[in-house]
Amino acid sequence: MGMIGGGPGAFIGEVHRMAANLDGIIELVCGSFSSKMEKSLQTGEALFLPKDRIYATYQEMIEKENQLPKGERMDFVSIVTPNHLHFEPAKLALENGFHVILDKPMTLSLEEAEILKKLVNDNNLQLCLTHTYTGYPMIKEAKHMVNSGELGEVKKVYVEYPQGWLSTPEENNGNKQAEWRSDPAKSGIAGSMGDVGTHAANLIEYISGLKITKVCADINTIVPNRALDDDGAALLKLNNGASGVLFVSQVATGEENCLKIRLYGDKAGIEWKHDDANSLIVKKNEEPTKILRTGGPGTSSIVAHNQRIPAGHPEGFIEAFANLYRNFALTVDAQINGQQPKEEWLDFTNVEDGVRGMLFLEKVIASGKSEQKWISL
Amino acid sequence: MGMIGGGPGAFIGEVHRMAANLDGIIELVCGSFSSKMEKSLQTGEALFLPKDRIYATYQEMIEKENQLPKGERMDFVSIVTPNHLHFEPAKLALENGFHVILDKPMTLSLEEAEILKKLVNDNNLQLCLTHTYTGYPMIKEAKHMVNSGELGEVKKVYVEYPQGWLSTPEENNGNKQAEWRSDPAKSGIAGSMGDVGTHAANLIEYISGLKITKVCADINTIVPNRALDDDGAALLKLNNGASGVLFVSQVATGEENCLKIRLYGDKAGIEWKHDDANSLIVKKNEEPTKILRTGGPGTSSIVAHNQRIPAGHPEGFIEAFANLYRNFALTVDAQINGQQPKEEWLDFTNVEDGVRGMLFLEKVIASGKSEQKWISL
Amino acid sequence: MGMIGGGPGAFIGEVHRMAANLDGIIELVCGSFSSKMEKSLQTGEALFLPKDRIYATYQEMIEKENQLPKGERMDFVSIVTPNHLHFEPAKLALENGFHVILDKPMTLSLEEAEILKKLVNDNNLQLCLTHTYTGYPMIKEAKHMVNSGELGEVKKVYVEYPQGWLSTPEENNGNKQAEWRSDPAKSGIAGSMGDVGTHAANLIEYISGLKITKVCADINTIVPNRALDDDGAALLKLNNGASGVLFVSQVATGEENCLKIRLYGDKAGIEWKHDDANSLIVKKNEEPTKILRTGGPGTSSIVAHNQRIPAGHPEGFIEAFANLYRNFALTVDAQINGQQPKEEWLDFTNVEDGVRGMLFLEKVIASGKSEQKWISL
Amino acid sequence: MGMIGGGPGAFIGEVHRMAANLDGIIELVCGSFSSKMEKSLQTGEALFLPKDRIYATYQEMIEKENQLPKGERMDFVSIVTPNHLHFEPAKLALENGFHVILDKPMTLSLEEAEILKKLVNDNNLQLCLTHTYTGYPMIKEAKHMVNSGELGEVKKVYVEYPQGWLSTPEENNGNKQAEWRSDPAKSGIAGSMGDVGTHAANLIEYISGLKITKVCADINTIVPNRALDDDGAALLKLNNGASGVLFVSQVATGEENCLKIRLYGDKAGIEWKHDDANSLIVKKNEEPTKILRTGGPGTSSIVAHNQRIPAGHPEGFIEAFANLYRNFALTVDAQINGQQPKEEWLDFTNVEDGVRGMLFLEKVIASGKSEQKWISL
């Protein structure tokens, strides 16, 4: 694996590296960690990389690695830069035959997303978009339950992601994470909707297997003078006729990171929330509420594949992230070795999810500005 | 107190009587419990009423009681009939000088609600609308916190009330509660929005002191052939510029009764949910989350006035209901005795809340049918 | 019903009256509320009692009431005084043919308890000892589950009751509740063990149907100069060979009232705690954890008999207390009318529980002073 | 790092490797993973080790590694075998100058533990005993709070660790984990008390800084024919006069792994439980309960040092384990480089904790067999 971005002070680059390290099956072999070579070297050396595989630019890295013999060169590239630096490196990597693992939202526009999708498909490559929450075992169990009909027909979906960390103008206080997230040039057309709204929308589609077809959104910028939205909500219609509510905020004072999703079918409802990530609550009208637990009784083999330690030992965010990395890496490895990846390895959010995310984002922001009620995706 | 409705098999009539009994300050002296005299007698006798104060009709009751000397006649009337039987008895009672305690939604139309409001005001009478949730001590603490500025300016509100009991066509299975609630002739223009949506909307206005000014709603009938909505959600605008999300459902399979409300100001956020009714969670960005408890440290005198037993002994739905009854009865008693009711006694949802509820209901249902995004209240 | 004790400032007297009022089937007809006639009158008049049935002493009350014709006199007496004023009034009431409802612990000594038991049995009277927690519907469901074999053989029991309100010397700060509870003359041989330890021990026996046969206790007085224990723990042996742990404290700083009990059989475990009183958690090795809820799916008819409002509307401490009153009153009423009480009416903690409580108390305090490990009951 | 044990089918070996991998600062360079060379090779090759550093026996590994030049040889050895295979390899490693990281309980006897302690001290080496729970950031915060006086003087401690997985005779069903844990030859004198009881006892001493001075224990074997205890409880005395209760079980049907600890001082109480590992609950009599969260407001720098991702992203068991590895490795690295380790690096459970654990174990098992109440440590 090679890495683009993730130099000193970056939060998500470190998470990517821990996730890649965890299972001992992925090796970081090269990187271009910063636009400043000095910083790139600093990071690379701290990671025990040889100097000749710490590159000044991602272009150089892709070019040089491509010249190395197969088996020696990096197999895939992990791109952990802010949103505006996703498209170009990903495009170049794909054009040069490297698989890509990439943060969400995938690009700055739907158009760019479509280009990446075409490249992935035309070159028969893998692209993993790190919608971390889809890596949690109990989210996978939720998807499995919907697929296997335990909920009946899904009728209603609620998803929410309230955060509070931007309820003050952090971007003016030297908070690097806040700066780029509230800068349209770096973040794109959306703030909170891009940062956490796309996670929420993706999670609905991932678990339910349905598609969002219409949105009616209220998009707000609550902190004065902020350039992008910091709050928003949308009524949703799904392609089976179900409806939903999605709401996110980064100004919900005092909230941490409590993504929560509920789906109700005519037979059962399920509920998952991030701060109790190893539980999946199952509700029926005629039976007591049940709590499924990572690795506990009543869970399916998909959980077993995505957990590392026995039931009752909490697994968290890094492990969920590592599940994306592991499934992606196993798939890439199989492909490199000319083998068919197992079905459970292919279970990672991919370029299609990236296109859906950008479509959602463009439409939900458009809806926020429209006087018309429903906007179709 | 006299009672209209609440005969055999009625759920809410029994709740009203327990709430009225609890503190030993209200005496049931007469009733017209059913449209069938036989049933009315059966109920009245079980309640130790003398036969001559069990009436065949509410008209008869109001007339006869009016002829009794002051001090002997009932002081107020409690109306616990289905929605379509709210307006006429309430109107007649008010016209005859009786104070009224009444279930929500107040009437079948905004027009009727305005008539009751005029009668209340013109005759200087009290009308308590039993929005039960406003009787919980920690809801009152929440209101107090907003009032005293602890949240700063309210920016965002979320309220939800998912139930699951109507996710199957219970109205066809002999469920009396389901029958009238899904019958437009008895329930009015709305199903779930009237039954639980009005509670949710009221709670926002009660706690925040703000008014809902615009709604954009998605109103659904999910169970086939049901005559009224059984699910709905609305984006909200409030009169201080804040926004909100309200969603209710009666087809959220497996859910009980978990009304939940969250308000976020620029200083703090608060959260209350019905299944943990004795806690109020307070969240700030710069301090650890705090849990205020009924009667526990850090709560105000308004909690003390509305609790009966020391902190740590759970109080529930009946006690909340009884707080409405007690505050209303103390107010009525003061008024009868020519005294000024204390401020904390006047803290019950009243005819104005009833008018607001009908206004919300008409607009939210209209919005559900509209192609236009925002509908003003 | 007549009442002894419960004058101005008494907490538990008020609770008894609310519990008795709730269902509208018990009428307070007389009382001797305080050792001072003035205070007794004040309380009685506030409760709408006629002056001639407000008595100066309990002796006078029992004597005078006994002279009234049957049907007019009180049917039973509720004794809500501190511990040292339980025995004499209860004895006199029973000797005069009145049924008794009484707070725990029943007496100051096992010897007194045995005397009351003999009186109850010899005179064929009912005595209800208000172990409130046994009135909660989900505690009754727990008992039902053990009885019906759902847990298999009970192997292990944990019960705990940590409170924090006495972690400072409240008895020196004018706290009336703290004063008598820490005074051996009024409270008996035990402080925390009598006040909350007897609840904990009773709950084990009530739910499991087993008897505590041995204790090994560590009894502590943590606040200096306090005359009685304010903390204690005991290892337990039960008559089926199971073992248990019981621990209580009144110096567990910051704790409210969170009685919690867990029982494990070879088939399942169950857990109940006071601050989530409407849930009963059922755990098995081979199935997901289930949450039974008051009135929810999967609960038995014993819950239905002891709940008042539909599932999802929280019922609390007063309702649990009222279940004791209702079952006791229905039993007394049946007996007065020469009828056989229904089995579910007889489900209230009684004089036998009182004797068991005093036996436990004497032994657990003795064990605290002993160098020997196990003390038999 | 070299590893002893952790071949195919071992649970804890895999956990050790993930913990060591996570931060990218520890490299596995050699191993003797199984008593069968074939299995050792299989494991080692899957871990990308060169064949010449996969050894047939731990003796061979220690000998051969010792012959390698400094900087090339392993710096420390991780021993992840069952209990009976702790002492000999640890002794040999220490005698040959290798630092050691080792699972708990440290040895089979107190005597062995003392020998290891002497070796560590005499040779100025580091030994980390993996009491995983001490690696959780909020456990470290708890320790910090006690140290800094926020609880006042600690008066009462409760610790519990109920599990249910051995409530049936799993050791007869081919469960490898159950087999050695219930075999005295491999597990030592204790079953549940060694496996989880030592964690519980250690956690009290780690957080409180106090020492257990006396125990009074009830030790049980509940599943028939099991050779070791599967359940136990102990009353405790601590060296400041405080008392405590410790109880553990492996037959608490349906329980996962919910270690829970509560400490009460005269100023505040704190509570932590494994299934909500990122929260620390702080209770006071005069203030609302507070919830401290990993990395959230109000936490100290010790949390920051032991967390990897921002507040609100759950960290779990592997991260806690990795904190032990990281602190130990940083300490070892400093020592190798002749530097003074930072104070926060030295914060890992060590050989002294191992001796304390064996002392506790011998005394608590002895107490279980004694008729005398208190046994001194």
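Note that the chains are named A, B, C and D in the order they appear, and that numbering of residues resets to 1 at the start of each chain.
Convention: contacts are C-beta pairs under 8 Å (C-beta built on N, C-alpha and C of every residue); 3 or more make two chains touch, one makes a residue touch a chain.
Because the structure is predicted, anything quoted here is derived from the model rather than measured.
When chain centres are set by their Cα atoms, the one at the greatest distance from chain A is C.
If you compare C-D with A-D, the chain pair joined by more contacting C-beta pairs is C-D. One inter-chain figure worth recording: chain A and chain C are separated by 55 Å, centre to centre, where each centre is the mean of the chain's CA atoms. Note on chain placement: the centre of chain A and the centre of chain D lie 35 Å apart, centres being C-alpha means.
Each chain gets a centre from the mean of its Cα atoms; for chain C and chain D, those two points are 43 Å apart.
Shown for chain A are the residues that touch two or more other chains, namely 282, 284-285, 289, 293, 296.
Put simply, chain C touches chain A in their complex at residues 282, 284-293, 296-298. Of all the residues in chain C, the ones that touch chain B in their complex are 11, 14-15, 17-18, 21-24, 28, 47-48, 163, 256-258, 274-278, 293, 296, 308-319. Residues 151, 155-156, 158, 160, 162, 164-165, 167-168, 216, 218, 220, 222, 231, 233, 235, 243, 245, 247, 249, 251-255, 262, 264-269, 282-285, 289, 370-374 of chain B touch chain A in their complex.
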